[in-house]
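Letters A, B and C mark the chains in the order given here, with residues in each chain numbered from 1 onward.
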Amino acid sequence: MSDEPGLFAVPPLAEQERMIEAMLFASAVPLSLDAMRARLPQGCDPAEALALLRRRYAGRGVTVVRVGDAWALRTAPDLGWLMHDQRVETRKLSRAATETLAIIAYHQPVTRAEIEEIRGVAVSRGTVDQLLELEWIRVGRRRMSPGRPVTYVVTEAFLDHFGLESARDLPGLAELRAAGLLDNRPPPGTGTDDDDAGDGTGQSELFEE
Amino acid sequence: MSDEPGLFAVPPLAEQERMIEAMLFASAVPLSLDAMRARLPQGCDPAEALALLRRRYAGRGVTVVRVGDAWALRTAPDLGWLMHDQRVETRKLSRAATETLAIIAYHQPVTRAEIEEIRGVAVSRGTVDQLLELEWIRVGRRRMSPGRPVTYVVTEAFLDHFGLESARDLPGLAELRAAGLLDNRPPPGTGTDDDDAGDGTGQSELFEE
Amino acid sequence: MPDPQAADALVIDIDGFEGPLDVLLTLSRTQKVDLRRISVLQLAEQYLEFVERARALRIELAADYLVMAAWLAYLKSRLLLPPDPQDPDGSAEDLAAHLAFQLERLQAMREAAARLMARPRKGLDFFERGAPEAIARARTTRYDATLYDLLRAYARLRTRDDFRPYAFDRRDIYPIEAALERLRARLGDTPDWTALVRFLPEGWRGGAPARKRSAVASTFAATLELAKQGQLELQQADTFAPLRVRPRP
């Protein structure tokens, strides 16, 4: 707040230009001259500052365009190809997919039957396909058990997306609980936590040569 | 599509600068040099073009800032008061949460036990998960000490939010380190209890070249 | 004048403190010196007095406040006595110095937190573009999920699990009795230190990790039992090093 200029000092035109630049950049909608004037310190002339800004951005990768009565910053139309066909919508991963992914990350390598056992419901083909397509999981070794079922493991792309260095770094149940991610209701009949979920590798290494 | 340059012509540097400008302008997230290079025509050098662009935007209402290994356009911090109505009211962080965040940032990678040792109290539930939800922290590598505890580190979103180029630029980091206040100093007499040996001392490593 | 009042306020506002270190840090301010030159003896006395007052006012103090009080009482006595070089806890001066270090570090982190929060912040002091255009892979829908989503999903699943009827799957459980029997039978032929993993039964060493874990756990429990009975010795060279077993000579 202390940066706000005094009531009577009109900022120099170059400063007004900076202000308009920041406003146009940050605004989600085009701004009319009136809207700009309302935000600028008293005595500012957005029309003049805007004219300066338009000249500054002429021929740049970003340009000042007029939208009806208002003004906005847009990428230069001739550079559209840089962004072209890259406009995508972001969608939240479905709950089924998130859960399936979590189970694979924590229990890998894991078969579809095991995923279903943990989730308590059937895993639709589409869910696994979606995760495969996103390249967050891949097919691992076949399990040496009857039917030789396929197993799933998570990929580098998964680690990359979720900012993990390895799947072993995922917090275990006690750590999830300590972080507040798990309700602390004690399971009926048992007093202990099943903690080894996340780190299958952990303790067994104790005994290896 | 028709505007796309020929396969073999490397655009002049000024044109590369425009392209980078457009990309940074369009992108919601900071872009690394690699991400820029992947989008630019073959043979382009985003580093050089970026240097030009940074100079061009120096002192403007919108500036090129570094966020970790990536780059973004952001409004100049001194003009924040103009964008009042755009302020996103964030849930106010509790004292415990801000202290925990600072400890993670300055001591990273750091375990929950270490956070508790520094604060002298248990980390309450809801603190770590709030920071995780804000995506200001993530889990790092497990510590190779008994129990293999999860560690926490700060994220690029943290750097972006606080306008930091890297974790090295945390305010006062060098002074704290010089004063020995980021050392993992075990209490006397317990010597052997605390053999966290081999896990480096986090932030201080940043300075050993 | 304000001094006794301040001390009272301290006691009454106990809920406002975040643990004993926080109390000590607040008390240390009354000494009006650099934390590096603080008198720990005086601080210990102030803290003990604080605890006494809380007791007198019948304010319930959490256990960690009392643990700190006990420790400070001990430290105080050590500081007043002539030094004992044999003491395994280290010298009283070292203990005091460590406490001063903890206080200084906590204070430093508080200041760091304040400086961090005072920085220009995105969405408050500087802004990203108001109308961003997405840049990502061509023409696909980008699915978004964060680490937080993932952890929550897993936590949710596992919590629900807790409420499922308990069903014990014995197929992959190696009973301790079997491990004991196997270990007793094999111990005689074991000349020297042998890795515990060697005692795992056939068919339990590879394959499903849960199966192997069960065998390892049961065999380990069995070695503990036999060690207790004086039939074998256990050895581990280092943290996370392999456990080794030999018959007791």
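By our rule, contacts are C-beta pairs under 8 Å (C-beta built on N, C-alpha and C of every residue); 3 or more make two chains touch, one makes a residue touch a chain.
It should be emphasised that the depicted structure is a prediction, and the values quoted were computed from it without experimental measurement.
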Distance in touch steps, counted as few as possible, from chain A out to chain B: 1
Centrality ranking, top chain (CA atoms only): B
Most distant chain from chain A by Cα centroid: C
Computed distance of Cα centres, chain B from chain A, in Å: 15
CA centroid of chain B to CA centroid of chain C, Å: 27
CA centroid of chain A to CA centroid of chain C, Å: 31
Where chain C touches two or more other chains at once, by residue number: 127-130, 133-135, 146-147, 151, 240
Multi-chain contact sites of chain A, meaning residues that touch two or more partners: 22, 25-28, 73, 75, 83, 162-164, 170-171, 177, 179, 181
Contact set on chain B toward chain A in their complex: 1, 3-4, 17-23, 25-26, 39-40, 59-62, 73, 75-76, 78-84, 86, 112, 123-130, 132, 138-142, 148-150, 155
Contact set on chain A toward chain B in their complex: 1, 3-4, 17-23, 25-28, 39-40, 60-62, 73, 75-76, 78-84, 162-166, 168-172, 175, 177-181, 184, 199, 202
Residues on chain A engaged by chain C in the complex (per definition of touch): 22, 25-29, 72-73, 75, 83, 85-93, 95, 97-99, 101-103, 105-106, 118-120, 130, 134, 143-145, 161-164, 170-171, 173, 176-177, 179, 181-183, 185-190, 194, 196-197, 200, 203-209
Footprint of chain A on chain C - complex, ascending: 127-131, 133-147, 149-164, 166, 195-197, 207-210, 212-213, 216, 220, 236, 240-243
Residues of chain C that touch chain B when the two form their complex: 18-22, 64, 87-91, 94-95, 97-98, 101-102, 104-106, 108-117, 119-130, 132-135, 146-148, 151, 239-240
